[in-house]
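Below: a set of structures, written as structure tokens.
Look at the two complexes coming up: chain A is in both, with chain B in one and chain C in the other.
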Partner chain A sequence: MSWLRRSARLKKEWRHDPEALMLKRHFRELSVAAALGILLLFLAVAAPAFYQAQPLLSLLTREAPTLVVACGMALVIISRQIDISVGSQFAVCSVCAGLLAALKWPPFLVLPASIAIGALMGAINGTLVAGLRLPSIVVTLATMVTWREGLRWLRQGEFVNLPDGVQWLGLSQANGQRALIITALVVLVLMALAMKHLSAGRFVHAVGSDAEAARLAGIRPQLVTFSTFVLIGAFTGFAAMMNIAQSPQVDPKSGTGLELKTIAAVVVGGVAISGGRGTLWGVFAGLLLLACISPALTHLHIEAYWEKAIQGAIILLAVVADGLRTRSEKR
Partner chain B sequence: MTKSFGAVRALKGVSFDLRPGEVHALLGENGAGKSTLIKVVTGAHQPDGGTIEIGGCQVAHLTPASAHELGISCIYQQPALFPALTVAENIALRLEPATVGRRVNWPERRARAQKLLLRIGAAIDADTEVRRLSMPEQQLVEIACALGAGARIVIMDEPTASLTQKEQHLLFSVVRDLRASGVGVIYISHRLEEIFALADRVTVLRDGESVGTNKVDDMNEASLIKLMVGREVSQLYPPGDAAPREVVLSLKNLGCAASGVRNVTLNVRAGEIVGLAGLVGAGRTELARILFGLTPADEGELLLNGQRLTINSPPEAVAHGIAYVPEDRRRHGVILEMPIAANITLAIHQRLFPGAWLRLGAERQLALDYIRDLDIKAYGPEAPGGALSGGNQQKIALARWLATKPKLLILDEPTQGVDVGAKSEIHKIIRHLAKEGLAVLMISSDLPEVLGMSDRIAVMRGGTITALLPGGSLAHDVMAAALGQAEKGVAA
Partner chain C sequence: MQKLVSFLALVGLVLATGCSKSANTPSGSADQSAGKKLTIALMPKSKGNAYFISCKQGADEAAKELGLELLFDGPTEPDPAKQNEIVENWIALGVDGIAVACENKEGISTALRKAKQKGIKVLTYDSDAAPDAREFFVNQATPEGIGYTLMDEAARLTGGEGEFVIITASLTAANMNEWRKNIEARLAEKYPKMKLMVVRPCDDLKDKAQSETTTLLSAYPNLKLVMAICSPAVPGAAEAVKQAGKAGTVKVIGLGLPGENRRYVKDGVTQSVILWKTVDLGYLTVQATAALAKGDLKPGANTFKSGRLGQMDIKGDNVLLGKPFIFNKDNIDQFNF
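So, the complex of A and B:
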């Protein structure tokens, strides 16, 4: 039984060693990063074609708007809410931005307009959730359907043709792609810094952990909740602009399934669905991991049908890991 | 019937017996172990030792379900009914076997419910939805359920807390009928007059021990109160500072209809600890919540440093220098997922971080200072709040509010669930803070703590302050005031 005693001793030391603590606290982020690393290493050996510059660049460009929305989603989920209307918001913003661009508005005016429209839709969600204290899943389910169907009714599924100079922001394709990827990364870095270094980030964590405790500490939980919904709306508007810059037309059905993609990235990235815990680095790793599955399958000559199944398995694994962890912490 | 239990922490070798056809009152101050005893009897808790016998047979493993089968019913202060269902459905849920595929005989269900209600003299239509019933009516439905289940033992936990005089009399006659029909009733109440009106015998619990079972006829109010509090102040409390200073908080006829607090008049001076005593439900926490802006006052005056204020939200209270360390710290005092440092600075972001940019170095230093000053046992400011013991969590909650540099510190049950060592440390800290000129309002259900720590003691009952006693008063006097047995307004 000596090993038992030793493991008990180890565990005690583990608890008191600050470095071990860092490891333990960021265990979920690190394990997602490790999984991503293993996948990338495996692909380097088994399918080096994955690393061809152009397909990789296209992949990252496609995921860039998703990353921006996922940043907002992380915020909302950390504050213990959820927003499933982002896909519809994304479509509305894309179409509106496209129409404005077609009216020959310059991009530096279309971008703030798109952000403002997104923020407005976010403010509607925020008012209903924070002001009337309705459950966010129901509120955003309603707005999801409303925006999507409203758009369909207004536009009859018509594509918006964009004038020249919108696609790739007037740059060459490769440069445009790089610009979009860099933009998304800048948003990620700024948000990660804000979450760590701004009071607001703290408050989001506090409200997500325990809204009543936060209220008793002098924080206004309803204001925090409202702000996160406005922010995710603004981010969605920004992402929509990044999206329409990728093609000559705006598809009114764009953004379909965006809520699932972003929530999946957030959950896989280690943000607790019960609120209060998570980092944007984890979300980044989670997003990349899920995004790499499809091209990996192509390169490994596995049928593409497996993509969703594998993604589902990863999400399930993440949720089960969180569940087990919470249970062991409670003990 | 005999029930005896061994060493449960909250219950130390209590023996209790209930005869058929008697009303046995259970009495004791907050935390004396009444609820624990009830939970053991209803099977919600397992005793760590001792035995339970019902009708002469020893019951090895009592679960809520088997307790139900054995005819034990419990009626809580807050009726546990389904508000959206009708009375008949609620009664049926308790009485009919829970089989999924069974057909429901609606007329029979209704008829039985109506018959049971009639038996206890309740004028309630069985088709009414429960949410339309008043609190006492819901209690009557609970009693009807108990009767219908053929209960042999009925437990009533402060059933009259929310009843009017008339409803009480109705309830009493129902209880007397139960007794006459051979049911044993365990009756818990803080109201001594009810015990004298109703009970045959009374058992007093104190600190998880039974201090005696007596015939009610042999007792009077004074001897009961003596039994409840009769313990020596075994701990040493840090001595106070006699010199009174300026009044920090002054309340004049303060009240809030929503939380049932009315007509509270109280002064708290700098350097003074005012203990707020009273039984659960007397309105102490509610008063604290008014002062902190959680449920704003709607009548009377609140003066802070001579300035008349209205406080409508916690941020306003914080801005005015009011700090509130809430009870139930695991849920509301400390954010368990956050590191100690973040927990401590949570209420002072505006002051510590102007411009909203966190200076993590300054935060860490502040946390280290408090960890040292309050002797918080943790390996560092990065440790999450959830990793600490109760006493250390309480110190963090305290540190958070001290960091706001308050003028008035409201403590709600500051040492609840804290071990003895940490408790006396917290006492020393509180006394030290008072000496530094803080006005402290301390809510506590721990009677020795109130007596030992307070410079003055305000006793609350029924949402208002019924007595102001000097520090070092006798436990007997405080308890008597809390139970409503003393004359009003002894000035201090």
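So, the complex of A and C:
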């Protein structure tokens, strides 16, 4: 019986030791980071060619807009909603921003326009979800299809060719790439700090854990929900600008699958799909892990057939881990 | 709440179809009584599409040469139901021949069969309907033509040796796999010193094609050429090669539209873009439809004389446009789609 006593004592210590507590609270984030670390280490041994400055910089630049949208998605999911229209919003913002840039609008005017268009689409979602209490999955499904098909009708799949100087915003390629990556990281850090230290951030958590309790505590859950949708729209508009700044033309299909990518990153990163829990650091680790799979497989000469299966398995693992955790917490 | 959902759906529908109403009534007048002038109706998958606008250019040319009346109408966006409506209108007008680029194989076939029963000569071009719904299909490019041309062009650019990779839309797309089969057959038959390293899918997205190519360039440092066989992948691959600073060292070729690739072709990143001459496709389609209506072209024929294009081959019920066309630095400015 001594082991039992010992484990009880350990448990006690666990509870009082702040370091151990931290470890436990952030177990999900840390396990994703560990998985990412293992993958990166493995690649260092098995495929050192993965570590070349230029390709990595290019790949990370491609993921930078996704990270910004994923930050917005994390907020929406923490507040117990979902937005599957981000991919379509992204495409609409990209094409609009591209057309404005093609009309020789300077980037410092195109950027706010793109953000405004995104925020407007977010406000439409937010009004329908928060104002009329419709389920967000239905609302954003409808807007996803509407925006995407509207765009198809308008553009017929035709690319928007951008004038010279839009790509990298006049910077050199390497500096432009660094600027975009740093921008995305700044957004991440600011949002992570805001979620922890601003009351607005805590409101999002509160509404996601228990909207009724939040209401009784004086928070207006519908306003919080509306705001998260406007925010993710604005973030998507911002991300769209980051996307067109790295290419001389805009594919009107860009953003296809973005909703899946970002939701997957959020879920893998340890945000509870049932709301109320999660951090942006976890989302960051989740996004990096998922983004590494495809290049890793190419470097390891593994058939492309496996890519989606492996990504799916990682998501499944994350969801199962969440389910087990929720069950053990309830006990 | 349900009302709102259905309202939303309605808004979506209106957005999707609303502005194509103008396409409902065929433009131009099909005045049959004015002599024995033939009326040929040509339908694109969608009217505003640059690809089909350039088809129409050739169609107009053929119509002028043959002195016939050409109706050109189609949905504003790719829409099978709208295509049916337009065919029904043309049947009511009593045109002599109809040529359709079908958006949906099954969807259009019933309407086309009806037209055939009314004695209207029916052809398809660009993409086919069910074989019994039309007399001929004007085939712009056989899988063999595409596959062989791509592989030959790859060999020409690399001097017939070295590693290359293929970017496809998806590993399951039937047409792409057919092209791939022909590329590999040509490779095995003629170019023993070239080696296909890997085939990667890009989900028909330019951005994903760029990421894939970036990774491929670092995973296969000896790569000589990237072959992109779906149209968004060509500029995507080119952007990756450009960002890697390997423009010219790693060649880029692919199947795509000149307009999307013009910048990269001019910058020397993309060497060749392969497609058929869309103007010729429109020209040949109208020529064939007119010949069929006049009785000059009958099912079972092996060749067919098509104005300025000369003798065209017919394989079964496929009128062949012939070898694909290669766009490069020298000629790409002549094509504005």
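One rule holds in what follows: the second predicted complex is superposed on the first by the 323 of 331 C-alpha atoms of A that agree within 3 Å, B and C clash if a C-alpha of one lies under 4 Å from a C-alpha of the other, contacts with A are read in each partner's own complex, and residues count from 1 in each chain.
Methods note: a residue touches a chain if its C-beta (ideal position, glycine included) is under 8 Å from a C-beta of that chain, and two chains touch if they have at least 3 such contacts.
Remember, it's a predicted structure, so these values are computed and weren't measured experimentally.
Participant: Looking at the superposed three-chain arrangement on chain A, would you call chain B and chain C a clash or a fit?
Facilitator: By the criteria stated at the top, chain C and chain B fit after superposition, with no clash.
Participant: After lining up the shared chain so the two structures overlap, which partner does A:T146 touch, if you call chain B first and chain C second: first, second, both or neither?
Facilitator: Second partner only, chain C.
Participant: Does chain B (first) or chain C (second) touch A:A313, or do both, or does neither?
Facilitator: neither
Participant: Between chain B (first) and chain C (second), which, if any, makes contact with A:Q249: first, second, both or neither?
Facilitator: In the superposed model, A:Q249 contacts chain C only, not chain B.
Participant: Classify the contacts of A:A217 with the two partner chains as first (chain B alone), second (chain C alone), both, or neither.
Facilitator: first
Participant: So, does A:P55 touch the first partner chain B, the second partner chain C, both, or neither?
Facilitator: Touch partner of A:P55: chain C, not chain B.
Participant: In the superposed arrangement, which partner chain does A:F159 touch: chain B (first), chain C (second), both, or neither?
Facilitator: Second partner only, chain C.
Participant: Classify the contacts of A:I137 with the two partner chains as first (chain B alone), second (chain C alone), both, or neither.
Facilitator: Neither partner.
Participant: Could you figure out whether chain B or chain C reaches more residues of chain A?
Facilitator: After superposing on chain A, more of chain A is contacted by C.
Participant: Which holds for A:T298: it touches chain B only (first), chain C only (second), both, or neither?
Facilitator: Touch status of A:T298: second partner only.
Participant: With the superposition applied, I'd like the minimum CA-CA separation between chain B and chain C in Å.
Facilitator: Distance of closest C-alpha approach: 15 Å.
Participant: Starting from the residues of chain A touching chain B, keep only those that also touch chain C in the other complex, and list them.
Facilitator: In chain A, no position sits in both the chain B and chain C interfaces.
Participant: Which residues of chain C touch chain A in the complex?
Facilitator: 1, 4-5, 8-9, 11-12, 15-16, 19-20, 46, 48-50, 76-77, 171, 198-201, 203-207, 210-212, 214-219, 221, 232, 235, 239-240, 243-245, 259-260, 263
Participant: What residues of chain B sit close enough to touch chain A in their complex?
Facilitator: 292, 294, 313-315, 317-318, 324, 326, 331-338, 342, 346-347, 349-350, 353, 356-358, 360, 379-380, 382-384, 386-387, 400
Participant: Quick one: which bits of chain A touch chain B in the complex? Just the residue numbers, please.
Facilitator: Touching chain B: residues 15-16, 18, 21, 25, 196-200, 202-203, 205-206, 209-210, 212-220, 276-277, 329 of chain A.
Participant: In the complex, go through chain A and note every residue touching chain C.
Facilitator: 47, 49-50, 52, 54-55, 58-59, 62, 128, 132-134, 138-139, 142-143, 145-146, 149-150, 152-153, 156-159, 161, 173, 243, 247-249, 251, 253-254, 256-257, 294-295, 298-299, 301, 304-305
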